[in-house]
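Below you'll find a set of structures to go through.
In what follows, subunit A forms one complex with subunit B and a second complex with subunit C.
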Partner chain A sequence: MLRYVIHRIFYTLPIAIGVSLVCFALVHLAPGDPLSAILPENASPQIIAEIRAAYGLDKPLPVQYVIWLGKVLTGDLGASIKTGQPVLREIIPAVGNSLILAAAAICLAFAAGSVLGGVAGYTRNRVLDRVVTSTAITGVSLPHYWVGMVLIVLFSVELGWLPASGMGGGNWQNMILPTITLAVIPAGIIARSVRASVIEIRKQEFVQTLYAKGLDGRRVLQHVAKNVAPTVMAVMGLQFAQMLGGSILVETVFAWPGTGFLLNAAIFTRDLPILQGTILVLAMIFVAMNLLVDILQMFVDPRVKRS
Partner chain B sequence: MSSTPTSLPTPAPLIAAAFRRPSRGFWHTVGTRLRRDPVTLTCAGILLVIITAALAAPWLGLDDPFKMSMVRRLKPFGYQGHILGTDELGRDMLSRLIYGGRLSLFMGFMPVILATLIGGVLGIVAGYVGGRWNMIIMRLIDVFYAFPSVLLAVAISGALGAGLLNSIVSLTLVFIPPIARIAESVTTQVRGQDFVEAARATGASTWRIIRGHVFSNVIGPILVYASSLISVSIVIASGLSFLGLGVSPPNAEWGLMLNTLRQAIYVSPLIAILPGVMIFVTSMCFNLMSDGLRSAMDIKA
Partner chain C sequence: MAFTRFVASLFATSTLALALTAPTQAAEKVLRVASTMSDIPLTTGQPSQGGEGQRFIGYALYDALVSWDMSRSDIPAPLAPGLALSWAADEATRTKWTFKLRPDVKFHDGSAFDAEAVVWNLDKLMKRDSPQFDQAQSTQAGFYVLNIASYKVIDPMTVEITTKKPDAVFPFQIVGVMISSPARWKEMGGDWNKVAYKPSGTGPWMLDKLVQRERAELVKNPNYWNPKRIPQSDRMVLLTMPDPNTRVAALLSKQVDWIEAPPPDTLPRLKSAGMQIVTNKYPHNWPYILSYSEGSPFLDIRVRKAANLAIDRAGLVDFLGGTATPSVGAVDAKHPWFGNPTFKIEYNPKEALRLMKEAGYSPEKPLRVKFAISTSGSGQMQPLPMNEFIQENLRAVGFDVQLDVMEWEALRSRRRMPSDAPENAGIHALNNSVSVVDPFNSLIGVALSTARPPMGYNWGGFKDPKADELALAAGLEFDPKKQDELLGKLHAYIVDQAMWIWVVQDLNPRAMAPNVKGFVQAQSWFQDLTPVSVQ
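Let's look at the complex of A and B:
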């Protein structure tokens, strides 16, 4: 057990370093001088050189990377160019808000997806099966930012039931529309994989044996559910992590003050430290989630360890 | 043994086989199956209409998609010959939706084509050469895989700045890793097969083996996967435009139209959601077609 966990962590380290390299490169990928946003129009070459040195931009890139990485590891992600605030202080509340939304959405997606997929896979009712399969494909093809707009049109504009934007100071009603919007695609994907997995498990001999020895249907369902769990968990973990990226668009539609909102603002003000910091934090959460899913999967299904 | 002469196959069946109608090839079977699939056919029909309309837009006798009018802003469906109404700057919606297909479809296809070429080559090289090169290429790809796809697209576009070209670059980078992975795993499997060994033993060059054996095995799975990416590409590309990272106004593009019409959602909600309908229908048709192709080619998801 422990050996596997350590092995996984060691495998993740180079990826984490690679991710940090990409994030570091982002700023240098940007056209123009990274300082152009803060330098006054008529700055003399001497002042430019001084500021460059102050930001460490006069050193060779590998040195800059090492210095930057050292700072990142101590939690120093630099300062926002617009507000002058430390990047981390701006990011933390935004990440919190995004996580709240993503957590609510994954719960909804899990509930909807496993019920739909489970029923379709279990009953193998042709009509229901068809409905679930096509709903799943529809869910995957939907541009979720548009779903958000349609929901706003329906429930905010036409019916006037729910607020359309912002967090409303923690009012739960403000969460309903963005949560549904964010849950649509993962629900489709989860339903699809639950269905496939239930069908697969029910074909296996041990299920036949359980029925043959006279176990009642509800107890057999428990056995099936236990075997479907690892697959569903893996899909859920990945979807949860993908949501952190996908929420950029949904948060923009609903003016939800999360990371997406922050990123959007950073892109338009060319606030590269915020852009870089947010992407680094989100990507690291994604990497950590993948690791967590792998390890959790091993606890649920010890067979994983051997492969 | 004395049975040696009898153990040789009698030539008659072989000759008969040579004169039999040539057996139907793999692609022929796939084509036949696709032609019998009503869902795939319907989707293909819808897409054909959308694509043809987009390509032939200038000759369809539509209104000028850029002609603004302050007095005709956000008019409802059917207003003075504007079948689908007008947008927030008084431009004809129908015309803009059809013209918008040009950029949206281009942004759906281009990154997938580029990523298939680049990712395919990377994967085949990694899989065929193996060893250290495989390590380097695949670990590099793992790093890009470690980003959520939309986040990576937004990050690269955000750093490079808005623009059509930058959107295509960022989407291509997002799609290369999965394609390279598929190409790599198929190539690695094929490389270990006996028929490759046999080909090498008969003196076939590396290029010939790749062209004849590897390529023909890799092309199927990659094609199926790439076809499913077109719908993703359309949705994410429109998403980038929706964020203001794609093409710039006054260009007609579905995501951008959705973005600029968002302000009008309280005034004329029906018109504001129209571009999204186009994105959704196009993306779903591509998805269903890809599904049809997958089952016609009998490749498991």
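Let's look at the complex of A and C:
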């Protein structure tokens, strides 16, 4: 098992380097001067050159990449062009804020998706299944930001029940609307995956054997759930990692200061160190989540361990 | 059992804390403001985030030597004494400015403000080898200190600043240099990142709490040196809400009391909910900066005048929900710098057609031009629909306008280079909103032929001996009244030359709850929130 884990970690290294290269190249390919957000309109060529050199932007791109990668390996993601703050100091609270939202949203999505998917799987081709499936497809198809705006208009503006935006200094009520918004698509995806898995598992002979042995429905459900778990876990892992990346639109609509909000601000101000650092950290979280899910699956599903 | 005890003690502590804080919170007057910013500006002294950063953080936490008088809404905000009681340039060289400082001013940390503090702050921005030099603040202050050659302490309450060349508009630049506390910087171990969370200025507000990208909470400075500007609110909560619809929803749901820049199409809804919509003239132009590079069709004054006459500004203002006024030049007709132009900027498509015909163009044989525009951006209002509106207006008189749409920072990069730079090849005009705050960035620096970027704002290369003469004279006129007269003549001249295509002036709308009282919207990029409170 340890060998498997080491292998998986080893495989992530080229992925990490590839991701770092792609994110560096993409950020630098975008039009616009990263210094334009901070330089005064009439900065002299001398000042521009000095500041460009101070941020290392005067060197050829491959050299910039190597220097940046070297620093990244020592945990130094540089400093924000705009604020001068270390990039990590900017990213960590944002990741924390996105984590809070993602954890709540994935729990909600898991609960709703599992129940709906399970019900649909058990009532295949019946009215309930069609209702649940339609609901799941609708959930997957609705744009996040539109759902967010509708929820704000309904629950904040018209009914006045919930705050419209921000973290409210830690007020849990501020989490409700963004959590629901963020959970809609993953809930739909989880519901569809669970439904498909339940149908697939229930067709298998061991389920018939369980019934033949005289187990009641509840006990059979436990066995079905156990077999569905690896699929759900894989889907949840990916969805959770995506949520941790923050949704730029959801976080902007709700003024939630997570990674999506940070990226949005960094894009508009061409804050390259923040952009590069955030994308890299998020990509690494994505890779780590995949690794974690693979390892967890090995514990849950003995077939993975054997293979 | 242990867990139960923990929960019980937590509950008891929370209840007690709530009970203790409830009366204080109830008594505290809080003003909650939703800004358009996506992050809280730098709090260390020189704020980031442009005009909004100066408005909510710069002039709230800090003072400059020279300040703006933002107490009136009926005139453009004039300069006023700030941390300096008076200032004057010497008669002989006109480069040595003596600032007599205001006595008995304390920073928020209790340390005294004096001439040493001023020099220390200028070192912070300009002297790269000084321990307190801060690149982040220095870049924000670049424009303000551009013409400073040297500075020194004359006595504890007098500072002398020498400019590189005689510059009558220097007080309009020093107004942007914020003075932060040297004592606080030392207390924080010389770490500006730490100072950011516990800054100390001399301003009417003091920072109480900073949560990056979310909020800054400012509390009133009861010992502010100007008793007339001691804040009427106990606390101002500044929130980041870059999405305009989010701001509107936050105001409608009573989550905030004040929002910046509501979108025009939401104004009827806000008004129907009883919200106050406050607008005023605002030194903020939305023009097309024309290219005078070789081959540009705008070298022909008939084409320039035709473009100015082709735009239905009243229709555009209506489209914007009344949040702008039609431009009649770089400044409005009542501004001291307006002068007496003979060319009237108005909607006159017949005359525009005639001029275009004279120049050899017509709707059937249109003049092809390319305008660089942005998708959004600070001060750009609603660039896409506005440009499409104008594109149709211009088409009707013989222009075939191709819109080269780019992202805001890309457009800013183009503006930083003159029109004849290779990157700007083929672009005949740049749609970049401009502030009309000081004489240099409003008139002198846009009309003077030598003020090409980066030395000024003459992006297109407008070159005219009379404009040069007037611009140079205005820049060297130290008598404010005479300077206004010269600026009026310069303005009238560039309007008569149809130097740019002037379209509208933003009215800077903001919306606030019905119970927000005391706000006077100055004709300025900056506003004074000290008289504002929620009743």
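Operating definition for what follows: the second predicted complex is superposed on the first by the 266 of 307 C-alpha atoms of A that agree within 3 Å, B and C clash if a C-alpha of one lies under 4 Å from a C-alpha of the other, contacts with A are read in each partner's own complex, and residues count from 1 in each chain.
Simple rule for what comes next: contacts are C-beta pairs under 8 Å (C-beta built on N, C-alpha and C of every residue); 3 or more make two chains touch, one makes a residue touch a chain.
None of these values were measured; they are calculated from a predicted model.
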item	value
Which of subunit B and subunit C A:69 touches, first, second, both or neither	neither
Which superposed partner A:295 touches (first subunit B, second subunit C, both, neither)	neither
First, second, both or neither for A:265, with subunit B first and subunit C second	second
Partner chain(s) touched by A:19 [first = subunit B, second = subunit C, both, neither]	first
Partner chain in contact with A:85 - subunit B first, subunit C second, else both or neither	second
First, second, both or neither for A:229, with subunit B first and subunit C second	neither
Partner chain in contact with A:150 - subunit B first, subunit C second, else both or neither	first
First (subunit B), second (subunit C), both or neither touched by A:255	second
Partner chain in contact with A:93 - subunit B first, subunit C second, else both or neither	second
Subunit C-contacting residues of subunit A that also contact subunit B	31, 149, 152-153, 157, 252-253, 264, 268
Contacting residues of subunit A [partner subunit C, same complex]	31-33, 36-45, 47-48, 51, 54, 82-86, 89-90, 93-94, 149, 152-153, 156-157, 160, 163-167, 169, 252-255, 257, 261-262, 264-265, 268-270
Complex contact set, residues of subunit B against subunit A	139-140, 142-144, 146-152, 154-156, 158-161, 231, 235, 238-239, 242-245, 258, 262, 265-266, 269-270, 272-273, 276, 279-280, 283-284, 286-288, 291, 301
Sites on subunit A touched by subunit B in the complex	14-16, 18-19, 21-23, 26-27, 29-31, 137-138, 140-143, 145-146, 149-150, 152-153, 157-158, 196, 241-246, 248-249, 252-253, 263-264, 266-268, 272, 275, 279, 282-283, 286-287, 290
Residues of subunit C defined as touching subunit A within the complex	38-39, 42, 48, 134-136, 139-140, 142-143, 146, 192-193, 196, 211-215, 239-243, 245-246, 249-250, 252-255, 406-410, 412-413, 415-416, 441, 445, 453-457
